[in-house]
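Next, two complexes with subunit A in common: one pairs it with subunit B, the other with subunit C.
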Partner chain A sequence: MVLPPNLSQAEFDTALSEFEAVVGTDWVFSSDADVALYRDSYSPFWGEEEERIASAAVAPDSVEEVQEIVRIANRYKIPLYPISTGRNLTYGGAAPTLSGSVVLDLKRMDRIIEVNDKRNYALVEPGVSYFDLFNYIQEHDLNVMLDIPDPGWGSPMGNSLDHGVGYTMGSYRDHFGSHCGLEIVTAEGELIRTGAGAIPDSDAWQDFHYGAGPSIDGLFAQSNFGVVTKMGVKLMPMPETYMTCTVTVPRYQDFQAMVEEVNYLEDSFLVGMPSYGSPVGGGLFDPTSLEGLMQNGWPTIEQLEEFVTAQNKHAWSVTFQLYGPEEIVRATWTAVQRRFNDKIPGAAFQDGDFYTLPIPAEDIPALPDKARLGIPNLEIFHIVNRNPMNDNDPPDGHADMFTMTPRTAEGVHTAARVLAEAYQELGFPAATHPFSTPLMFYSRAMVVAVLIPTWRDPAKNAASRALYERCLDKIAEQGMGTYRTNPAFQELAISKYSFNDNALLKYQEKLKDSIDPNGIISPGRYGIWPANMRNNRG
Partner chain B sequence: MNKLTILCFFLTSFVATTVQAQDLSPEQASGKVVFDKWCEPCHGRVAGGLFGGLGANALPGTSALGVKYKGDLPAVLEDRTDLVPIYISTVVRNGLYGMPISRKTEVSDTDLDNIIAYLTRPH
Partner chain C sequence: MIDRRTTLKFGAAGMLGSLANLPAQSLGAISSKARRLPSQAIFDGQYSESRAFAETLESYGATTIDLRGDLGKLWYGQLRSRLLEERKPLFGLTNRLDLFCLEELARDVDMKVSLRFDHLIHQNGFVEHQVAGSSLLRPSIEHLGHKAGFGKTMAELSEFYLTDEPQEVSVQKLTGPYAPLNKTALVTWVIS
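Let's look at the complex of A and B:
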């Protein structure tokens, strides 16, 4: 058994008894078998000394119980690690950042307090999953659409607080950006509400998220300043229709003009998430067709144009999602075609799917691309599960390496090039190539993604960790960082945000010392250590 | 026949069976409810697939088992007749490959017993 730092077994046993007095004996987990359920299934350190292991877990059912647990933790200076559904896989799952922490498992707090389809929001507790919220909306025949991440097993609150993202219109895809009001148990056990929720008995909590004065909501995302116990979620009114349509452009060098046009359309709120692709580039996760092209280093532009011409295909594609009344989405598609025709010679156009919404329940199971219609599912696991290509050695997990690039062709190409270099320098086949395309989860940033496998084999994990760290180093040399990562890499990722001698992190730690003087909430999360543990860094 | 075609063949060569609720004991019926919530989204029978058509023939867990067993065993868990309690509980509590650990706040011990009752029912 792992103990919390600086605590004897006897002291810990007493603390556990006090936790049991709050939540009941069934909801304090301290046996080795039960604590093992809080391991990170995808840990890059599985089975090694550095694997993050909890000392116990406690699962409250109410805000009042959370407050009591926080007060007990302060008395014993026990680190707590709050989780919502604990399904933040690739980013740590249910395991704490600091070994010996007690996981504060909020899964039992799974109440959907309100879904309002006239003012278009939901108010939920941490343990509510996207599946739960979707089912509630279906069962109550409510006229709103979710924006969901992949996979959909996580919680709206937990995903938002980890800066998670989705697939529909830009303002909804940024899940923290589309939250509306928080309820927080502070590190000292006080209860606060943000925005209009700070006005007693306000009916406008989910309508007005600023309130007056400084907004503190951002302090509770990817951080360790308190325990969020309720969150508002802005919801999109159910659109009347959904349509997809695709534009392709012929030349390698057309990508910049395509990106500029997509930026215009996104920033004008005319289209939902654009999906870039390359008809000559193979699949996102299957760059093998391009290995020959990269045999002698990164190709020149002339070589790339010749490669495209030889394939007799267009170089780039982008598929748009349009949401709204049928006459509007069809007119938008007409305008999109006119604008591309005006800007890029040879642009071609293809109609896609068209659905009247909402999708009938009986049609949902066989519906492709559920996530783009706000329907939670787990089908994204096709890209990492056992398949005919990895049948002999499927990975046990993955560590997602997301490079945030400027919204330019040059940004994407640079990220793809340095990531390919990182892979090749460490003896791996490149996972990116000159035709790698970005994901547009955030409407104002591009993401070049690689998924690095993790294993329950220390030697393989060591190689994966080295690769992940090399990728972080290489992108930082280009002025780029990542947006979210496993605790194993959080300090390195944060160290890249070092402007002015790490002034940002120093400021965050000043806040930490004031807000959480005993350092009990998630020590070390995203590199923020409390004063009494700052020597843990590194 | 390429690998993908072989996979599709395996996944479609099993005759779907419909579970009738009245045929189930109370434990098995409860187990089916838990299975449908926690297992079916990956191990169920009907898939839609991803952007570009990947996975249109089977859900990810079903697809993975189709690749693994190559027709020697059904890819759909509910069609299996060889599952034993210790195997089911070990996989649920330890995870397996991409399938993560399930905690007791998600799938309680009673839930797990009921899933076992459902998946090991005579059929």
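Let's look at the complex of A and C:
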């Protein structure tokens, strides 16, 4: 058994007894077998001394129980690591940032307090999953659509607080950006509500999330300043119809004009999530088809244009999701075509799927792309499970390396180039190439993604960690960073946000010391260490 | 193969022990708790071995669920609430991916993988077996051979799957979700 730092077994046993007095003996987990449930299945340190292992877990059922647990943790200076469902696998899952922490498992707090389809929000507890919320909306025949991550087994709260993302309209798929009101148990056990929720008996909590004065909501995302126990979620009114449509452009150098036009359409709220692709480029899981093109270094523009011409295909594509009344959806598609025709000679257009919403329950299983319709599912595992990268020696997980780039063609190509260099420098085949395309999780930033394998084999994991770290270093040299990562890489990722001698992190740690003086909430998360554990850095 | 009525008549432990290639001392160590037939099982109708597993267990009276379709829908739609009401052990023969997902989901109800037999089927039909979570059952894989047809045998052996052995933590999260590209990775498992 791993113990919390600076605590004897006897002291820890006493603390566990106090936890049991609060939540009941059934809801404190301390056997090795129980604690193993909280291991990070994708850990890049699996089986090594540095693997993050919890000392125990405790699962409260109410806000009051959370407050009591926090008070006990303060008395014993036991680090707590709050999780909602704990299944955000590539970002650490249920495992704590600091070994020896007690996982504060909020799975029993799974109440859907309200779903309002006249004012279009939900108010939920941490343990509510996207599946739960979807089922509730279906059962109550409510006229709202979810924006979900993929897979959908996480919780709206956990996903939002980890800056998770979805697949519909820009203002909804930034999940923290679309939260509306928080209830928080502070590190000292106080209960606060943000926005209009701070007004006693307010009925406008989810309508008016700023309140007056400074908004502190952002402090509770990707952080360690408190335990969020309720959260409002803005919901999209159920659109009348949904349509997909695809634009392709012929030349390699058309990408910049395509990006500018997509930016215009997104920022004008005319289209939902754009999905970029390249008809001539390899996919995320099959970059090898372009290895030949990169044999003598990064190709020139002329070589790339020749390559595209030789393929007799268009260089780039983007697929839009359109939501709304049919007249508007079809008129938007007409306008999109006109605008591309005006700007990019040779642009071509293709109609995609069209659905009247809501989709009848019996038709859901056959839908090809449920996430963009807000329908939670686990199908993505099947897509990732069978891919050429697995070969005959499949990895056991992956650590996603997401590079946030400016919304320009140059930004995407630069990220792709330096990531390819990082792979090649360490002897791996490049995972990115000149036709790599960005993901538009956030409407105002592009993401160039590579999935770095993790293993049960320490030697292979060491190589993967080196690769991940090299990728972070290389993108930082270009002024780029990542937006979330496994705890194994959080300190390094945060160290890249170092403007003015790490002024941002220093400020965050001043706050930490002030509002969590014993450093009990998720010490080390995203590089924020409390004063009494700051020597853990690095 | 074994006839169920014969088994009951002559004693499950002796008959199945022989079938499973279990040494006598192992049988002695398996308590009456162990000789409990599964009451609920998960299978995947796209695999013949899994179908055979389910058909055999159904003939013993178990309720079986085909998880073709979305596992999340099954878990959040019925399995989770059923297990929260009563944490009866769940048996299954599925692919590795679905076990991985179920293992993650089972934390909701504080249940964990306690036994797994991994079956790796090569393209030429050769099958490799490995067992984790029970040293008592380790000899049984010698009986399974390396050809198709193990699904029925895994069901027949299922009443030995709950043992009084100390729980081996190493059986948990033994693999990730991924399967080799050119092989089929199936697993017989118990979540309890």
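Basically, the second predicted complex is superposed on the first by the 531 of 538 C-alpha atoms of A that agree within 3 Å, B and C clash if a C-alpha of one lies under 4 Å from a C-alpha of the other, contacts with A are read in each partner's own complex, and residues count from 1 in each chain.
By definition in this document, a contact is a pair of C-beta atoms (placed from the backbone, for glycine too) under 8 Å apart; a residue touches a chain by one contact, two chains touch by 3 or more.
Remember, it's a predicted structure, so these values are computed and weren't measured experimentally.
Asker: Taking subunit A as the common reference for superposition, should the pair subunit B and subunit C be classed as clashing or as fitting?
Answerer: The answer is clash.
Asker: Once the shared chain is lined up, is A:E190 touching subunit B (first), subunit C (second), both, or neither of them?
Answerer: neither
Asker: Could you say whether A:D32 touches subunit B, subunit C, both of them, or neither, answering first, second, both or neither?
Answerer: second
Asker: Once the shared chain is lined up, is A:D393 touching subunit B (first), subunit C (second), both, or neither of them?
Answerer: A:D393: touches subunit C, not subunit B.
Asker: Which partner does A:L378 reach: the first (subunit B), the second (subunit C), both, or neither?
Answerer: Both partners, subunit B and subunit C.
Asker: Return first, second, both or neither, reflecting whether A:D13 touches subunit B, subunit C, both chains, or no partner chain.
Answerer: In the superposition, A:D13 touches no partner, neither subunit B nor subunit C.
Asker: Which partner does A:E327 contact after superposing on A: first (subunit B), second (subunit C), both, neither?
Answerer: In the superposition, A:E327 contacts neither subunit B nor subunit C.
Asker: Output check: A:A366 vs subunit B and subunit C. Expected answer is one of first, second, both, neither. What do you get?
Answerer: Touch status of A:A366: first partner only.
Asker: Check the residue A:E410 against both partner chains and state whether it touches subunit B (first), subunit C (second), both, or neither.
Answerer: neither
Asker: Tell me which partner A:S41 touches in the superposition: subunit B (first), subunit C (second), both or neither.
Answerer: both
Asker: With subunit B in view, single out which of the stretches 1-9, 55-63 or 127-135 of subunit C clashes with it after superposition.
Answerer: Here subunit C runs into subunit B along 55-63, and the other listed stretches stay clear.
Asker: Common interface residues of subunit A with subunit B and subunit C?
Answerer: Looking at subunit A, the two contact sets intersect at 29, 33-34, 36-39, 41-42, 85-87, 89, 93-94, 107, 131, 152-153, 365, 376-379, 381-382, 384-388, 391, 394-397.
Asker: Could you pull out which subunit A residues touch subunit C in their complex?
Answerer: 26, 29, 32-34, 36-39, 41-42, 85-87, 89, 93-94, 107, 129, 131-132, 135, 151-153, 365, 376-379, 381-382, 384-388, 390-397, 454, 456
Asker: What does subunit B use to touch subunit A in their complex?
Answerer: My answer: residues 3-4, 6-7, 37, 41-42, 44, 46-56, 59-61, 63-64, 67-68, 93, 95, 97-106.
Asker: For a test of understanding, state which residues of subunit A touch subunit B in their complex under the given definition.
Answerer: 27, 29, 33-34, 36-39, 41-42, 57, 59, 85-87, 89, 93-94, 105, 107-108, 127, 131, 152-153, 275, 283, 319, 364-370, 372, 376-389, 391, 394-398
Asker: Which of the residues in subunit C come into contact with subunit A in the complex?
Answerer: Those residues of subunit C that touch subunit A are 69-73, 75-77, 97, 100-101, 104-108, 110, 112, 167, 169, 172-183.
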